[in-house]
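Dropping a structure here in structure tokens format, bear with me for questions.
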């Protein structure tokens, strides 16, 4: 099966992929009309969504062929590849406010929007849904600790105004190393010593036929390049476009980037909820958020020494700290009972909506 | 049975109602000695307590006659009628500090004082008390989310000094609309789609005989007018009286108004605890606090555009934010196990006492 | 059995006690070289560890002879005797920053380090460990409430800059009285009315033979005097030594004092975890932290009126407040499931490590 044939079959199975037509359009438009920021912004958003879905399927296909351990490792590392590529492009452009907003936004969006919408969509079909309380609690515990670890520099720095910029940089680097070590141990834990706890979340794309190895690897490489190219256009146009739409940069990073980058995972989580497999939805939502905190964020800090104009630290603006803490606490409280009903979903989504509204109304500020 | 006969029978059944004698006394005193603030304050407190008890019984009687759905709706909407009327009177007088303190105080008092005293009173009679963990957790989850939604403007505004007053007003209005929508959905959830989860809390006044419809409606109307009249005296006298007693306005709003307004509900909750029906107590305490956050607070914000001198926003002073968050987190942690013992009650009450002490000692500040 | 014989037998049983040789060495060194701060610091740390172990065993021996109620009371009161003596010495020297850091550090170290290392050490031997969820939750609830009570003055004072120093002092005294009353009621609860909930944690030194009463009492008295003498040297040398090692005073109080003072309890907790008796470990860790908050801290505030240069209040620096809240929330979330695995231990330890790193890098500040 050639690459083109595989793509065509996918198109039939996943109508979302028709959006792929926007990939050449946005690349052409960027060449022809580099100053049409609003148009480029909209086109690049439309182009990233199907690319993220392709990346997700390619990663799973490689995983399915290489066996559980390697496949799990790949899935865990590349599961947030789209977010990582967008953030790297913003890092390269020195837009640290956007990078940090997209880290914070991915954690908040995964825990509140993805979880809340899964509960709501599932709850509209089934009166009460039960899921594995033990593994949900363990995952919520991991997420809480991972987020806390990520937030300590901001919390302390901000509580303690005597702490200076050098302190913040040193701490961010030390912390990033610790987080990556913790992530490596988390791989060992979830893929080797205690994989039965995470079993149900491993097969995100159940029902889909995996691609042959060659096709999958070629897709992975090719699509990553395409995501990078489109991200470049996206990052360049987002600032100006946001002004046109009246959106603050914080809103764009927090909400728009997070929703765009996580579209593929959301599709899996929502489909799981509709099939009364809430374990799957909870696993994707909490697992993905943990991965951002334990892997994507520290990798970006360490890479900022090589690719950004100046090193980036891990101190978030105060409102983001509050939102991340509330989001993870909400996830911990809400998944505690192992039961869900539609109104729980409504309330979790409402917290997300309020965050979004707050960020939308927030007057612009310097990074 | 005439109105007078009904009142007389109630007096026999509920000795608290003898306090009704203070209603004419305070109204007369306000006419004769409008400058005796301390006296008027004490008299109005004594008069509001039995009126609140009458309102509560009247609401339940109407509910009992109209059937489950309408009755539940009435109960849920009018359950905090006393608090609402007091707050409206303060709003009309432009005392926004008092209004906000009474919102925050009602949430804190319901979760800490009502819950803690129920655990203590029940625990003195039974070594360990069990209650329905599943519904307690769901209610604690609702309360946490409702409170968080209410607090976001304060948390963000305060974390982010760049945010101005216009931002705060716009956000408060948007948020109020969202909260009321959430409350309407909550009605649908708790009265229609999942009413079995809330069943035990529905019959607050079990054992009492409901009044006939006419008596109940007349009482509802008449007593609401009386509460409004007494509240007017209360709000006018409270500032000056507080100075005499050495109490800060924050203390008055947080502690005095909340205890006075919630007296009737507390009586039901405590009686439930003594009868080993802790489900009832937990339901009343958490349900009432949720209602303040999801219904009373946003209604006051929206009404402030019509009846107050200037619109009121939803940003609380920082200490109130901390107290509300701690109160709801405490409720979530404490109700998590589904078991209670007397010392749990002591500790929850101690947190309340410490809040009260802090507010009492706090030097006065401008609203 | 003479005192010397008892000590000799202990030396064989507990190799840690060989460190006792540093007690005379540090006392001699302090006489001969009072200006060798770094040396004296290291020697005093080495001398306090075995003294703490002796104190712990002596307390348990007295407890074993006097029966459950009195023994439990003794254990509960003297369980943190080492921390108390070190803090008293620092209080006498007017080093309030060190006193407060050691209170905060003991709470954080007990909940994060002791709990995390117990989970890790136990988890390396057993894939999953279960422990009594009900009592763990109740203890975590107590700890949360105790810590919240301790933190309210700091949280409010800091959120509310209008509050002055007089406010803070009045509040600290009132609060200390409340905390001690709560502690007395906690004794009643855990030793009398509900002792079955705490049963497993009562016998910290199982397997060890209790000493005869005379030996135990003599050890208790003699070792307390020795701890006081060594603490005096420790407190005098710590400031200068910390500068040599590049450690901030916050780091010394938070991390070094807490680890040194809690060494004996940690040995018991870790040994319990290795024997798959995680109830014991959780009980020691959470119980000891609660005791610091409910007993040691308020006693120090009240004693500061008699032995310190000026009275001490209970307001902690903002970073310490954040760390204590996160530590107790972590304990509550982590013990919620009643199950543990090695990676949970790793994550809890990581939060502790990050706190330690933050404090180490923090630029020095005035108390």
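Some observations on this one:
Here the chain labels run A, B and C in written order, and each chain numbers its own residues starting at 1.
The rule is short, and it goes like this: a residue touches a chain if its C-beta (ideal position, glycine included) is under 8 Å from a C-beta of that chain, and two chains touch if they have at least 3 such contacts.
Not measured: the values here are computed from a predicted model.
Judged by shared residue numbers over all numbers used at their interface, chain B and chain C contact each other through mostly different positions, with under half in common. Chains compared, chain A against chain B: the Cα-based superposition rotates one onto the other by 120 degrees, nearest 5. Centres computed as Cα averages put chain B at a distance of 41 Å from chain C. Residue positions 329, 336 of chain A are each in touch with at least two other chains. For chain A in complex with chain C, the touching residues are 134, 137-138, 140-142, 144-146, 148-149, 152-153, 155-156, 159-160, 162-164, 167, 170-171, 174-175, 178, 182, 185-186, 189, 193-194, 197, 329, 332, 336.
The touching residues of chain B, when paired with chain C in their complex, are 127-128, 317-319, 321-323, 326, 329-330, 333-334, 336-337, 339, 341-344, 346-348, 350-351, 353-355, 357-358, 361-363, 365.
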